[in-house]
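Have a look at the structure below before the remarks.
The first chain written gets the first letter, and so on, giving A, B and C; residue counts start at 1 in each chain.
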Amino acid sequence: MTTLLVRGVRATYGRTEVLHGIDLVVPSGSTTAILGPSGCGKTTLLRVVTGFQPPTAGSVVLDDETVAGDGAWTPPERRRIGYVAQEGNLFPHLSIAANVAFGLPRAERKDTDRVAELLGLLGLDPGLMGRRPDQLSGGQQQRVAIARALAPRPRLVVLDEPFSSLDTGLRAATREAVAEALHHEGVTVVLVTHDQAEALSFADQVAIMHEGRLSQVGSPVQVYGAPADRRSAEFLGEAQFVSGIVRGDRVECALGELALDGRAPEGSVDVLVRPEQLRLVKAPGGRRAEVVSTTYFGHDALVTLDLVDSDGHPGLRLTARVNGLEAWAAGTPVSVDVVGPVRAFVDGQAGTVPSPG
Amino acid sequence: MALRRSILAALGVVSLVALTACGDGTLEAGKNLDPDKLTIYSAQHENLTQAWAEKFKADTGIDVQIRYGNDSSMGNQIVQEGAKSPADVFLTENSPAMTTVQDAGLLATVDPATEAQVGKAYAPSSKQWIGIAARSTVLVYNPSKITEAELPKSIMDLQDPKWSGKWGAAAGGADFQAIVSAIVATEGEAKAAAWLKGLKDGGKIYQNNIAVMKAVNAGQVPVGIMYHYYWYRDQALTKAGSKNTKLLYFRHQDPGAFVSLSGGAVLKASKHAANAQKFLAFVTSAEGQKMLATSDAKEYAVGNGVASDPALEPLPSLQAPDLDPSTLNGPKVIELMTKAGIL
Amino acid sequence: MARSVGGTRSPVPVVVTSLAVAVLCLLPLGVVVAASIDVGWDAARTLLWRPRVAELLRNTTALVVLTVTATTLLGLSTAWLVERTALPGARVWRVLMVCPLAVPAFVNSYAWVTVRPDLEGLRGAVLVTTLSYFPFVFLPVSAALRSLDPTVEETARSLGLGPWRAFLRAVLPQLRHATLGGMLLVSLHLLAEFGVLAMLRFPTFTTAILEQFQVAFSDSAGSLLALVLMGLCLGLLTADQLLRGTSRQARVGRGAARRPVRAALGRWKAPALALMGGLTAAALGVPVASLARWLAAGDPTFDGRTWLVTVGSTIGLALVAGLLTVVAAFPVAWLISRRRSWLSILTERATYVASSLPGVVVALALVTLTIRYARPVYQTSIVLVAAYAILFIPRAMVSIRASMAHAPEELTQAARALGAGPVRTFARVLLPLTLPGALAGFAMVFIAVSTELTATLILAPTGVRTLATAFWSASESIDYAGAAPYAAALILVSTPVTYLLLHRSDEEPDL
């Protein structure tokens, strides 16, 4: 079953077209993240879905009802889409309870049970009900905003970078509480974000957006492991490219002859090697390399290393992600192995592999 | 930002240029009263006072500075300033304000020679001030709004409810208060109070006499009470404010036929007493009074042997009530008007 | 010596100036109260408990209630149309809605009276004051609407509210401070208004006080009326504080500045345009047209030299008063924004209260004071300039305080650390950074002084005429043609106010 269907949507910001034909399917009960750098048009897409802005072409279908396009237009207040803005935007003149109850019919607004239930669901103390928004922390405000959006039981909730204004520590905790609450309510969610970790951890489906187009839509594992193009690969995580030559289902490059993930045309390609695909061992065996430096993060560390050719001259510089418990001093000679198959790209596009989804 | 700066800068430059251009006027005007000059507090017409002052300076070389105001305000101001008042000479349009200052004991006796220049009827028994001009009460009416037969016979008729909403007066002004003082003097306090109640309930109150006349002229109100000279001045100029109106003199010693005396006095505390007396003598002299008679003031001259403007109704024909001007009581009028709720 | 919370000493000259400003501002209040006490209880009762006072109270209340209601409705609806709907030419309308401030209210009433001579009483007073004062509501409300994050409205829409209900339930409550501020400003102006009401023959406390002054100079009845009027002002200030409540109405978060959704007007487009057009015609068209008419008619007795001298003395007074006010406001503004202490709070409140008193009250108090205790300055321009400073110091202060934000304490500290002494720091850092604000403040005071009528009528030294008093004496005698050149000059002088206020409202929503 499909909750949201976006078909060929085009839209403008001012006089410039910023969405050049978007197609997106959001299955019922799923969480879809729209991931892209700022200015890529993701917020405009969200505004078209919520009804704050009409598309110039294409259509938006909600539960089989066309709400925009094909001559139809449903104003935002009748779309039953819960909306949470970047900073929550609690109504500053209302108490927390009144904020949460804002969208309920007049008769139900006095019913504090639903309010308390929602606050509890988001891990908030129902004792906060009488408080004013400015007496709450940023994370609490954001949770209240989500409770408010959930209160009228919307058929879809859209979140516009809801965690970006929070501190790093707070962000993860809030995100978890929100994910749990949304899951509990079984509501369909669209999240807009520029944070790849957030998109990958929060969503069942990730849509990657670049300059007004969706370049790839798929599960987090798909989009991370099998990016459709170089840019997506770079955007989703640390990516390094090594040039190579494809022969059949293998590719020959500075790291040796590696297995290909998917297919690629014969000839020269760029091979994507993520840092976590490199494994270092002190014993000889794989490609020889020498540690240049280590950036330590605690749970893991990034080791910068230079490949060493047979004459002992330094060659290609690469980064490997290692367990934080291992120590790699500069100058240590190591051997490098590549784990699993690799993706190859021709002129930025991934081989001939069709985009999944 | 840059735009705002440049606009402000331009504003500043313009102001500075304007200031320099008009500098002499500004600085002189902003200066304190000059204690060496003869200081006149004048509630009389600005043009006339100015003309007198200029001629006086030309004749005697005595420098004069003038503060303008209106009767009761200036009278009370002098009283509050007391012995330290900067005023040397006080000129009024009506006598009650003069009486206020006189009763506070602040006036010097007028030179007998000056007094002799003015008819006996135009000087108070107290001899502390002297008449310098006279004006008559009139009813101004709009013949297209009211027939002559319907006009009141006496000013006292206007308190009748049938006049409600049909007459106007400048009740806040000193001129009107002088007329009320005549009503108090001729009819007594009780009747005056009743008449004032009639004004409060049924009269339309305007800001000043000209506004009354123009309202009558425009047909907004059929009749109005004021002094004669506003009408004659307008007739002599454009007639714009009076072409649809006529005047009615009540005569027969009616309080509405009251002729108000404009006064001149020298302050007891004056540091230029001699010059002040000279100025008063000049104003009441044949020359000073002729200036009045030929000016656009259209007031009656009061100097011996000086004829008023021939356009005016002759003063003796007005049959004004016979009153000693020094008995016209300003504070009593204010009290009655305050009680009536007009002030 | 005042100490701030942080314990830093404030420079002596700053403290002395601030104290002086506070004392000067509280002077009129004290004098009016003292003069009223002098009257004695019995006399006071007979002067206050009389039908005339009841009538004035009725008139004043009716005027304030009706005009405040009308200006609020007009201000809110025009602001909403301009800021939140697809009104064609919204940017132009926004400027036009502020332009009426360039026409002093008493010039506006003159224009209306020449067009409709039968306009008078409450009806006329409400009409003219509404047209002159609705920008006081429009400006803060439209500024607040601009600064309001549009996602607030969007959130309400997504929660099932239509555009109109979203405005009522989510936006309007957030405009409360701005609206209240505008309403207070309108009420205070109405209490102080003299010219319009005298011209339209509608007596209120202010016109009665001036009339009393003309009858009796500074007497007890005048002082008592002033006391009542002062009470009304203070009552309004208190009511405003109570209505604002103690709760802060800070923004919860500062969202990305985004273009708001402009509601389509549909079939309301024509009525909306008619409202804006009609309002512009009534508030701007009428004054400009009748002024043009009387200027064209010409005044045979017009004396260019007198006019120039009047312009000159007005500019002279405005320059001196403006400069003095800015110089006095500067240290106070510094103290208020940099060193919170009892002194800075007292000074701030004092200037605020004093400036909300009608000009007639301040002027009367200064006459009473100088005639009794300060004879050497009695009837000098010093007193007049002092009155201007008392009445208009907050206008300078608002601008200077806003510009202080451009010169944060860290910058002056940096200058000190780089070896500049206090004086050099002031001259090289603080002054250049706050100069635009100081200049804007100066301009605001300059304009206010140039068009001030009531205090000038009472306090002008012998022989001094300003544009406002010259205009007044001509229009008082219904000499419309004679008043026209002065009216034109008054409008010319006030025009920059439009620009300044539009600019300020962009910076500071609370005006």
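Here is the rule we go by: a contact is a pair of C-beta atoms (placed from the backbone, for glycine too) under 8 Å apart; a residue touches a chain by one contact, two chains touch by 3 or more.
Keep in mind the model is a prediction, meaning the values are calculated, not measured.
Student: Indicate which of the five shapes (line, ring, star, complete, other) describes how the chains touch one another.
Tutor: Line.
Student: Among all chains, whose Cα centre is located farthest from the one for chain C?
Tutor: With centres defined by C-alpha atoms, farthest from chain C sits A.
Student: Which chain lies at the heart of the structure, taking centres as C-alpha averages?
Tutor: Chain C is the most central one.
Student: Compute the distance, rounded to whole Å, between the mean C-alpha positions of chain A and chain C.
Tutor: 53
Student: With chain centres taken as the means of their Cα atoms, state the distance from chain B to chain C in Å.
Tutor: 36
Student: I'd like the Å distance between the centres of chain A and chain B, where a centre is the mean of that chain's Cα atoms.
Tutor: About 88 Å separates the centre of chain A from that of chain B.
Student: Indicate the residues of chain C shared as contacts by at least two other chains.
Tutor: There are none in chain C.
Student: Using the touch definition from the top, list the residues of chain A that touch chain C in their complex.
Tutor: Residues of chain A touching chain C: 14, 50-53, 75-94, 102-103, 132-134, 138, 141, 145, 148-149, 151-152, 154, 165.
Student: In the complex of these two chains, what residues of chain B are touching chain C?
Tutor: Listed in rising order, the residues are 1, 4-5, 7-9, 11-12, 15-16, 18-19, 21-23, 25-33, 39, 65-67, 70, 72-77, 79-81, 84, 86, 172-174, 177, 204-208, 210-211, 214, 218, 220, 238, 241, 334, 338-339, 341-343.
Student: Would you pull the chain C residues touching chain B in the complex into a rising list?
Tutor: 47, 50-52, 55, 117-118, 198-199, 201, 208, 211-219, 221, 300, 308-309, 311-313, 315-319, 371, 375, 378-381, 436, 439-440, 442-443, 446, 461-465, 476-479, 496, 499, 503
Student: Contact residues on chain C for chain A in the complex?
Tutor: For chain C paired with chain A, touching residues are 149, 151-152, 154-163, 166, 169-170, 173-174, 176, 247-256, 259, 261.
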